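Notes for the one structure printed next.
By letter and in written order, the chains are A, B, C and D; residue numbering begins at 1 in each of them.
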Amino acid sequence: MILVSTQPIDVPSVLAAVEGPGEGGVVLFLGRVRHEARGQAVQRLDYEAYGDMALDELKSLAGEAQRLHGASRVALVHRTGSLEVGELAVAIAVSAPHRKEAFVACEWLIDTLKRRVPIWKKEWYADGSQWIAEHP
Amino acid sequence: MILVSTQPIDVPSVLAAVEGPGEGGVVLFLGRVRHEARGQAVQRLDYEAYGDMALDELKSLAGEAQRLHGASRVALVHRTGSLEVGELAVAIAVSAPHRKEAFVACEWLIDTLKRRVPIWKKEWYADGSQWIAEHP
Amino acid sequence: MRVLLFAGLAELAGRRELALTVAEGGLDVARLVVRVAALEPALAGRSFRVAVNRRYAQPADAVRPGDEVALIPPVSGG
Amino acid sequence: MRVLLFAGLAELAGRRELALTVAEGGLDVARLVVRVAALEPALAGRSFRVAVNRRYAQPADAVRPGDEVALIPPVSGG
């Protein structure tokens, strides 16, 4: 399951996508909209994606996690559009025969997604908004 | 949520237990019964716990994850009794303001649970069974 | 040639794509960046990478008419 | 004093607890282990830790009548 969508993220289906009889360990990362960022109260976030390229990049990340980091199955879902505080922005699930690989691959995926996938967030505060440039 | 129970693990409630408006990152670990172990086909597992002490140990692990490893909220659930291949044996959820702490604390928790909490598994094969002694 | 704009760059330019006239032989990415800045001064000096056909491109890479070109400002997904 | 047994140790002993008669002043964990092996030879030489009142104890720690004592074979949860 590799998805960039305005629909709310369905965590059970993300987890179901990485199930397998030989996969003893599953690690899931969830990124949620926080009520605070850069010292300011956040009211909501807008996420914009270059959809087709973001999907291609997510697919290539999934492949690298399998080839280079020991992941068996990978699910990557990123939400776009307007999100309230507490909503899920991203979900990444990785299964592997043993837990160590699942932890390493999952953390590598979120770190690399944040650097490489063409998705942008705009933070809305009481008195304005700004596009965030986290990874030049 | 700290639980040792014969009931199947309910993942949504484990995740809900660590939600909070300041927690941007959640890491969940799921340990599932594999179809194979030590080169043999596994038919099912029995988990036995020293229930009261296991619960005390899990509580003290949760406290250490918060004090020493940056976790905000922790949920620890271990199932006992007879489990089929594919069923969840353990679920550990950790939230933190930022993802790094959530990954570190979650991995520390499963590693330390496996060494310290008085729970034992017996593997059943086509031709017999044995108690597993992973951490002397 | 369409050049897609996103996020802060789209806001600065006040539009989601630029139309660039390109010779049949194409040009390289470095030259394309110069052309973009000339066409839309609001984007001059801004930080972005260039994607050609949905892959990050290097300054010396070729761009041809018909390629899908996009300017990728610093990302902040996740 | 009851001494709780679990997993492989319970199977070896054929029961889930031992009853140990202990003097009022108690004894230390090292001595308790010797008494257990004498009472239940199937457990002699087996690997286990001792928990007293649900906490792992050291060989020199004291055990008193009324304490909850358990033998903890190598664990394998998770």
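Convention: contacts are C-beta pairs under 8 Å (C-beta built on N, C-alpha and C of every residue); 3 or more make two chains touch, one makes a residue touch a chain.
None of the values given here were measured: they were computed from a predicted structure.
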Measure off the straight-line distance from the CA centroid of chain A to the CA centroid of chain D, and report it in whole Å.
49
Using mean CA coordinates as chain centres, what's the chain C-chain D distance in Å?
73
Nearest whole angstrom, what separates the Cα centre of chain B from the Cα centre of chain D?
26
By the touch rule stated above, which residues of chain D touch at least two different other chains?
none
Mark out which residues of chain B touch at least two other chains, giving numbers and ranges.
31, 110
Indicate which of the five shapes (line, ring, star, complete, other) describes how the chains touch one another.
line
What is the complete set of touching chain pairs?
A-B, A-C, B-D
For a test of understanding, state which residues of chain A touch chain C in their complex under the given definition.
31, 47-50, 52-54, 56, 78, 89-90, 110, 113-122, 131-136
Quick check: in the complex, which residue numbers of chain D touch chain B?
4, 6-8, 11, 47, 51, 54-55, 70, 72-78
Help me check something: in the complex, which residues belonging to chain A touch chain B?
11-12, 15, 19, 21-36, 85-86, 97, 99, 102-103, 106-107, 110
